[in-house]
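Each structure below appears as structure tokens.
Each of the two complexes below includes chain A, the first together with chain B, the second together with chain C.
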Partner chain A sequence: MNHFPEAWGRPRDDIYGSYNPQFLPNSHAQQSGHPTTHTQSPIVTGTSVIAVKYKDGVVIAADNLASYGSLARFTDVHRLKPFNKKAVVGFGGDVSDMQYLDRLLNSLDVKENYSHGHDDAESDKALMSAKNLHTYLSKVMYKRRSDFNPLWNALLVCGLSEDGTPFLASVDLLGTTFSAPTLATGFGAHLAQPILRRVVPDEAASKALDKEAAVAAVKECMKVLFYRDARSMNEYSIAVVDKSGVDLKQKEKLEGQSWAFAEQIKGYGTQTV
Partner chain B sequence: MFRNNYDNDSVTFSPQGRIFQVEYAQEAVKQGSVVVGIVSKTHAVLAALKRNAEELSSYQQKIIPIDAHYGLALAGLASDARVLSNFMKQQSLASRLTYDRPIALADITARIGDRAQTNTQQYGKRPYGVGLLIAGVDARGPHLFEFQPSGVTQEMVACGIGARSQMARTYLERHLESFESSSRDELIKHALRAVKESLSQDKELTLDNTSLAVSGVDEPFKLYEGEEVVNFLETTFERREEGDEGQAAGEGMEVDS
Partner chain C sequence: MASISSFAMPSEAPTYSFAAAQSASGQPRQHGFYPYTDNGGSTLGISGDSFTILAGDTRSTSGYNINTRYAPKLFKLGGSGPNHEGSKIVLSVVGFAADGNALQERLDTIVKMYKYQHGKDISVHACAQRLSHILYNKRFFPYYVHAILGGIDEEGKGALYSYDPVGSYEREQCRAAGAAASLIMPFLDNQVNLKNQYDPNSGPGLEKVQRVPKPLDRTTVEEIVRDAFTSAVERHIEVGDGLQMMIITKDGIEEVYTPLKQD
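So, the complex of A and B:
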């Protein structure tokens, strides 16, 4: 096996000859003679985002940590971004790409308010809904992956659709979309999603779920994620979106932790079995 | 001899502060046959009189459906209207593709307004010679917008543009108060009557020369032409004609006695 990561996934030089940089645009033609690749892997990353639909809204949460590899680099990064009164976007993955998307969403919001911004009930109906926002973001993500310059994120878009029903859907760096009553990105897809599905197995269960139960389920999942995800922390943001708007809390602390289970874990780390 | 020196292009003001090319374009709107639009709380209606160039030819299209939720009626150069309507169709489709939502009527109207205005500001360009009534229903309810070659756009409750449209507007002004609470059928009747007001003496609304389009909350924009307008014409003018006949007969009797 070749031990140079640069060569992985590429045609072998000894068979196909070396990479021909001739056609690369000038801005990309560097000494290496290879295309720019630094935009094609994440650097500073956020971990899971989790969300649950309940009968009149959506609960979404993500912790405040931005990791530099395995280093817990920034502990005050808010990865839930509200959009007008109807939607919240949760960002997993690369933090600089999140900041780019955040600026993009801000300019979109300004444009929307410029063309039909009145602060009354009638105008609220015409506000861009979470569904509209999700469609837009999916096109942005797919466009960027088609440029071979993906935005390295997994997004959860939640809020209300035009008719006022709760909406929750995801987009990832490939532009793939998916929707379900409960969603989780990153490690959460493995650790939190099964727990959330136990509470909300299907659409009908989500219609019966009340806000308190939804928030409790999400908080429980944040705790489990902190127990088992090594790129997580105990401070997180949680948002509830319903008809009354977005209720975003950015400095929540995990409650009622119990590490008793840790003593039972054997077989790796510093212990000798 | 008294040639106007200030109407060669659309970028030159006259000393009186007018831009003649734009005013000429507005004259083109007045040459077109009449179109009328009205909105109520629940519906938006367009009605138009179609003209045929000669007896043997077909009638010029006056109402163009753009998207499922709205369409437009034109007065003036039909070819300019086609350019604008193609642009509107593209923009409407783009809105549905990128945002999955029907474009707001205020939005699309502003966009063609901007486009028309740049034509009045660049050397070598000419203003569009067409006036439009844009009607339909979006997230904020039914709307009617008027578009002029100058790039001016206005939201209207009711509007008539085109040849002899003053008569239609007079009718609309007379019934202004009743539009908001009108039902679908009443609104259609008002629109058809307003168009009829503008007709010259020797003309009548027939299934060939009448175009009608209706859209409402939860009712997609639909264009009615030919056989489909017969019912609307009958129900709208039936009573009036009876009344006219009755009056004529009465007058006749009086003359007799």
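So, the complex of A and C:
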């Protein structure tokens, strides 16, 4: 007997030999004998995704940068992924997990197209809506967090729900879901969300907002994010989803930047004030 | 998952066949993925003679951020269709919202399956016990939520059950849960169970007579709920935006939404 209660009643190695991990199920140890490893932190990452609902659709945007820590590693990564003509998913966080989810969604889309094979308006109605897609993704994310093997992303799902009303909702690596007239992930939650909420304080305001105003608000936010988020870039993707489908532009450049304020900033770096 | 021990065995002692005791101490454990978060908010339930009221604010937070101003924490269980028509039981969950939704979904399917298999609605008593079992079954990786279940019992009286995350439960007159529970619960003790209230006509000191609580009527309870939440909003940053109330009577569930301060 010793003073370590958690060891009491356990088989001793000097009598029984050490435990043979070969008999563990695959979820605990792979055949190599090494334990299963999970993502403990994201590696190549995308920054904020922002989106706004307006009266007949949703506007969503994310820049085209994938960072490796503080290194701006890839400058042509498209983080807005359209799904079956009706929805767009915006990905923040780990890029390899985004690519996994994108493959998952593509295979889901292929399966869907096999089951309602026709490419016409009537069978389009049977396709998954943005709301269905959000539910699906939230279950995937929650399952993975429950397995302690999270997909390190924050997603915004946007499009139309079955009744044709604009739909915008979010899922993150913990499986937490929520929906609001304006949403922003990552740094955007601090910088863009307050600006977007000034334009669209509630559902009623979003029902009164037109497409041009929504796009303008989103572009303005992308500019503010580029000014202040060190992991952002001036080239971005923007998508408008409405009943006519998805209009995705992947090579937008920020317009009307004004860096005049930068001259006023003193006290950082090598300058002696 | 976190190991049970992080200290090393004395060197002369035998080793044991589980990794935790074998691993060397000294190096700090790398902080990895933590599967929980707190989404703030508060809920509250009060049962009366012929009704039960459940209420919750609709704000969802992460840290100092507001995720959304409308994320309901109250869920109707059973009933038919997407709007749960004919439902007589309400579940409120506060804590980690993803677990809350998963729990609500599981209990909802159970309540529906009960109806399909037995041809009658589940009683609140049975539903309450089933909820306890669901929580207890996951006690080694709990649903990080404080649940409150409300309904009407077999005698037609208001029934209210409250739970901890691992399934301990109790039937009560009133209960506050969530971020502002410590602010609301003492108020409820005083106003519903009349704690620290004495008959003014009774004598001084030891002759003081404690007032006896009796079931409250519906309008009084609604007032108490509203007051509890407007006060909680003033003193707790994670509470606000909207108040969702569900009033369960023998005729069904009435839902009321009133705005709260958004600051």
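Keep this in mind: the second predicted complex is superposed on the first by the 230 of 273 C-alpha atoms of A that agree within 3 Å, B and C clash if a C-alpha of one lies under 4 Å from a C-alpha of the other, contacts with A are read in each partner's own complex, and residues count from 1 in each chain.
Keep this in mind: contacts are C-beta pairs under 8 Å (C-beta built on N, C-alpha and C of every residue); 3 or more make two chains touch, one makes a residue touch a chain.
Bear in mind that the values here come from a model prediction, so they are computed numbers and not experimental data.
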Contacts of A:Thr177 with chain B and chain C, given as first, second, both or neither: second
A:Arg228 touches, of chain B and chain C: first, second, both or neither? neither
Partner chain in contact with A:His38 - chain B first, chain C second, else both or neither: second
Chain B or chain C, by number of chain A residues touched: C
Contacts of A:Lys111 with chain B and chain C, given as first, second, both or neither: neither
Partner chain(s) touched by A:Lys249 [first = chain B, second = chain C, both, neither]: neither
First, second, both or neither for A:Ser123, with chain B first and chain C second: first
Doubly contacted residues of chain A, that is, touched by chain B and again by chain C: none
Chain C-touching residues of chain A, taken from the complex the two chains share: 2, 4, 6-7, 10-16, 18-19, 38-41, 142, 145-146, 148, 150, 170, 174-180, 183, 189-190, 193, 202-203
Of chain C, residues touching chain A in the complex: 1, 4-5, 9-10, 13-18, 20-21, 30, 32-33, 35-37, 39, 60, 62, 65, 67-71, 96-98, 101-102, 141
Residue ranges of chain B touching chain A (in the complex, touch as defined): 97-101, 104, 106-107, 110, 138-141
Chain A residues touching chain B - in the complex, by the definition given at the top: 115-116, 122-123, 125-126, 128-129, 131-132, 135-136, 139, 162
